[in-house]
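Two complexes are shown next, each including subunit A; its partner changes from subunit B in the first to subunit C in the second.
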Partner chain A sequence: MRQYQTIRTISRLLFYAILLFIVGVFFFPFLWVIYTSLQSPITAGAVPPDLLATPTLDNFRQVFEQGQFFRCLLNSTVVVLLTLVANLIISLPAAYVIARNRQNWMMFLVLFLQMAPWICLLLPWYIIFKKLGLYDTYFGLVLSNLTFMIPFTVWLMLGFFEDVPVEVEEAAWLDGCSHMGTFIRIVVPLVKGGIITISTLGFMFCWNIFLFPLVLSGYETKTLPVFVYGFLADNQLDFGPLAAAALLAMAPVIVFVLLNQKYFRQGIAFGGGK
Partner chain B sequence: MARVKIDKVTKKFGKVEAVKDFSLEIQDGEFIVLVGPSGCGKTTLLRMVAGLETVTSGRIFIEDAEVTHVRPKKRDIAMVFQNYALYPHMNVYSNLAFALKLRRIPKAQIKEIVKKTADLLGIGDFLNRLPNQLSGGQKQRVALGRAIVRQPKVFLFDEPLSNLDAKLRVSMRAEILDIHQRLNNTSIYVTHDQLEAMTMGTRIIIMKDGVIQQNGSPKEIYNNPANKFVAGFIGSPAMNLMPFVIKEDGGKLIATSGDMALAVPAEKETPLRSYVNQEVCLGLRPEHISNSAGNGGEQGKSSFMAFVRLVEPLGSEQLIHLEARNQRFIARIDPRSTISYGDSLDFYADMNFAAFFDSATEARIV
Partner chain C sequence: MNDTSLVQRTLEYADSQIRWLFSVPAVLVMLGLFAYPLFKLIATSFTNEVLSSGGTIEFVGLANYARAFFEDHHFWRSIWITLYFAVGSTLGQMILGLGLALFLNRQFKGEATFRMFLMFPIIATPVAMSLVWSMLMNPMMGQLNYYLSFFGFPKSLWTADAATVLPSIIMVEIWHWTPMTMLVFLAGLKSLPKEPFEAATVDGASRMQMFTRITLPLLQPYIFLLLLMRLVHGLKVFDKIFVLSGGGPDRASETLNIMIYNQAFGAMNIGYASALGSFLMLIILLISFGLFRFRQRSWSY
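What follows is the complex of A and B.
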């Protein structure tokens, strides 16, 4: 009995050690960014790192003094919020209709759109957006985000909508509710978990997207990831301000995910199960 | 309350005809039961009346107004679903009030109606609970309440008790009937349980393969089944159905199987005359086979020797599984009789209650 308990304790310790290692591997870069953002220019890129160096907020001051941070923060916020709202308005009814009228070709189309390599769209879009006057506009950036978000949202939400019993909708119709009313009052509240999941994932994706805003945005609509990239100068690499800018750019996403983590976990597990 | 008329309604799913040329008139305040085996089209028919399924051909009327292509919300019909179909994100109060809110009824009036209905159904204490916090019986009562609050023209029930345990089913059956008697609402009740059909309906419609087999009162259907299917479907245990050959013996008709001979009563002879020397299906209910001749040996009782294969004591009666000349049937006898497995005894069939069915068409001869 004692031997069994010893083996059990050792197994458990080993398990947690491995878990800590894995978490450490994923968490380390983030910790490094925090460390670097609080270092002076001398200690920021030092090898080996000076862990006892006095932290400084100069890097953050430099980021704010650069002038564009708040403008870019606003741009990112506007683009992300518009994308999330537009995505839900377009994708939820689409996913609902596909779920209720399940046809193999619809599913194939949704999957196909996700499999397409997005980078192929970059240059054609640049040309098209320029000609249509969508370059350096919120609308253009939202449109580019929606191209990725809509198929993903439809695919993820299918399982949620399929789990809403049809009888519940039929009961609502018999109670006097229209189809649209039933969708809004009955169906959507029942897929709340999925909506929060997709909003969280969408927020993370749209907030962090870099390549398309780099090409499709200009001075007016520059987003935070593009702003952070600006700290990678041609002949100089300022690790401190770069890390500070990156940390400031990451912060809203981290807060958002932490606030919605319960739904996020449920939604991922649910969507994965489907 | 309203009359419902279903006029030659057919429903096809691709090539499959789920309901074939179905016609029925339901009077105001009637409680009619549609009963039949799974896949017979009863639920499809109910859903067509509700507007949840389209009609391939035919017409449906509610109170003389045609509703064949009218949307469900405009038909003023309430339905109680098999799996309750309560709104999971709303509490009991909101479930009951939902339809009233859609009609923009004032809040105070909604509160009054909901409270009255909740008290009627005994769910007044659960108004703040969500559906997943309720038992099966409570959920069914909420589903019933949701139908009642609307005061619709017609109530539809789609096997509402099939998810409940046997004891709860009995009490809910009584509750539904009690509410029907109080509200006198026109109701169409669908079930696959023949016992439910017999105890609940003022009129029963038995369906098979989308077609009406018989339409009548429970007593009529039980005592005079129109065909072999109805005879075998209604009654528990079902009617014994056995192949016999009609023979003539000195001017009288007898039903024979091997050396077993049962005398055909005089009043049943005429229709059977054209079946002499032909096989027919003889139907006898278990309660019309006994192990005693009765007082003074009643006319119409034919005796035969049978072997007891199984005895099922049920407390209030005994079911005896018998075998005679390769014919197997069940008798319902007095619980005090001491019969056991392996006995070979004389049994008596009361031929006054015998039903004869054509072997080919399965229609009742007499």
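What follows is the complex of A and C.
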């Protein structure tokens, strides 16, 4: 009996050791970037790392002072929020209609749209946006983000809308509610979970997107990922400030998603990579 | 005189037609952002358009395609690099993700905390994380070699060597997305019915047999969905390669995506880039179509 318990304890210890190793592999770069962002120029690139070095906040000051960090932070925030609002206004009704009419070819179309390589769309967009004056505007960036947000939202919301019983709507119509009113007052509140899921994942996608703003934004609307890339070009081997810039660029999205963890996991388990 | 009633009647009529009116904004936006640009992409691929002021745009027929197929030595190489990257990273994520999911498919203390840590790679801004990896992999000052030496790995030049650049970026891609495939597989494993496993245990099936005969077939829908999504995603990867190597050294990591970007916004040859883009579009269409056909044929569960 005692022998059996020892084996159980050992196997449990082994399990947690492996677990710790897995966490280490996936979380290690984050520890490293936090550590490096607090190092002075001398200790930042030291091999092996000097774990006793005095931390400094100089790197963050350098990021704040160099370039347009705050401007880019504002740009990123504005573009993300505008995209999320526009996406809900456009996609929710469309998803509702498709869910109620159950047209399979439409779902395949939605799926295909998600697959189109972005660079292929960017080439014509660049020409068209320049011609229409959309280059380097918030409106242009929001439009570009909508190309992946709309198919993804429709795809994910279909299930939520299908779960809303038609009887609920019919009851509202009988009480004299218009179709529009029924949708806004009855149906939309019932799919709130889906809306939060979409907005959480959407925040992540739109905050992280790099290729679209790289090409479509100029001096005025540069977003944080583009700022980080530019920062890399300016500070090639200066690890401290680079780590600080990387950390500052991803901190908002990490905090936001962790606050909405439950919904994020729902979306990911659904197959949520773009 | 009848203004208000006219407005009201119009509104009522619109309300009754809501079934299709509701989809109009989405359809319009998608037409504007997909349909017209795709037409424009193909149209541009037949011209010699360049991204600079001046110069006339001329119709050059299939010259851009001929240049890609017969003259540009990097074209076929970049297709090989693109496929190598997409297939390599997809297989890595699928196998590792499934393995981890099988290992973790049980209840244990600290499960929630563990999952939270695993979510970080998916959430973090890819450009920022690519920057972090590029610092870690730096051949002179990077610390990755140092940490790996504890596990007995030899020193590597990572992205600075044409021979290791692709595996290095694939490694980062696998690091980035394995948590996602793992979470999807885990959700799949948890939703499997218990009865087949109980029956198999009674019949004395080995663990390996249960895995290949029951778990894998039951997981097939998840495997298929992930395979399709990760493969198509792999063909589109841009950020990581752009930041980690920029396509080099010696163009050894220049996938079709990067090549198109460089041609369009580096060399300003948007006509030629559009021809390459049209071709990439065709590849992705064929692959997704092929996978759908394959699924319809082998769908038996």
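Convention: the second predicted complex is superposed on the first by the 247 of 274 C-alpha atoms of A that agree within 3 Å, B and C clash if a C-alpha of one lies under 4 Å from a C-alpha of the other, contacts with A are read in each partner's own complex, and residues count from 1 in each chain.
Note that in this section contacts are C-beta pairs under 8 Å (C-beta built on N, C-alpha and C of every residue); 3 or more make two chains touch, one makes a residue touch a chain.
Just so you know, these numbers come straight off a predicted model, no measurement behind them.
Undergrad: Putting subunit B and subunit C onto subunit A via the overlay, clash or fit?
TA: fit
Undergrad: Looking at A:178, would you say it contacts subunit B, subunit C, both, or neither? Reply first, second, both or neither.
TA: The answer is both, since A:178 touches subunit B and subunit C.
Undergrad: So which one touches more of the residues on subunit A, subunit B or subunit C?
TA: Per-residue touch count on subunit A favours C.
Undergrad: Quick one: is A:189 in contact with subunit B, with subunit C, with both, or with neither? Answer first, second, both or neither.
TA: After superposing on A, A:189 lies in contact with subunit B but is clear of subunit C.
Undergrad: Regarding the shared-chain residue A:149, is it in contact with subunit B (first), subunit C (second), both, or neither?
TA: Neither partner.
Undergrad: Once the two structures are placed together by chain A, how many degrees is the angle at subunit A between subunit B and subunit C, based on Cα centres and rounded to a multiple of 10?
TA: 90
Undergrad: After the superposition, what is the least C-alpha distance between subunit B and subunit C in whole angstrom?
TA: Closest C-alpha pair between subunit B and subunit C: 8 Å.
Undergrad: Can you give me the overlap between the subunit B contact set and the subunit C contact set on subunit A?
TA: Comparing the two interfaces on subunit A, one with subunit B and one with subunit C, the shared residues are 178.
Undergrad: Which residues of subunit C touch subunit A in the complex?
TA: Listed in rising order, the residues of subunit C that touch subunit A are 12, 15-16, 18-20, 22-23, 25-27, 29-30, 32-34, 36-38, 40-41, 44, 49, 51, 100, 103, 108, 110, 114-129, 131-136, 138, 140-143, 145-147, 175, 177-180, 183-184, 186-187, 225-226, 229-230, 232-233, 235-236, 238-239, 242-243, 257, 260-261, 264-265, 270, 273-274, 277-278, 280-281, 284-285, 288.
Undergrad: For subunit B, which residues count as touching subunit A in their complex?
TA: Counting only subunit B, the residues touching subunit A are 50-52, 71-73, 77-79, 81-83, 85-89, 98-99, 102-103, 146, 150.
Undergrad: Okay, in this complex, where on subunit A does subunit C touch?
TA: 15, 18-19, 22-23, 25-30, 32-33, 36, 45, 47-49, 89-91, 93-94, 96-98, 100-101, 112-113, 115-128, 143-144, 146-147, 150-151, 154, 178-180, 183, 204, 207-208, 210-211, 215, 224-225, 228-229, 232, 237, 239, 242-243, 245-247, 249-250, 253-254, 257-258, 261, 264-265, 268-269, 271-274
Undergrad: Over in the complex, which subunit A residues touch subunit B? Could you list them?
TA: It is residues 165, 167-168, 170-178, 181, 186, 189-190, 192 of subunit A that touch subunit B.
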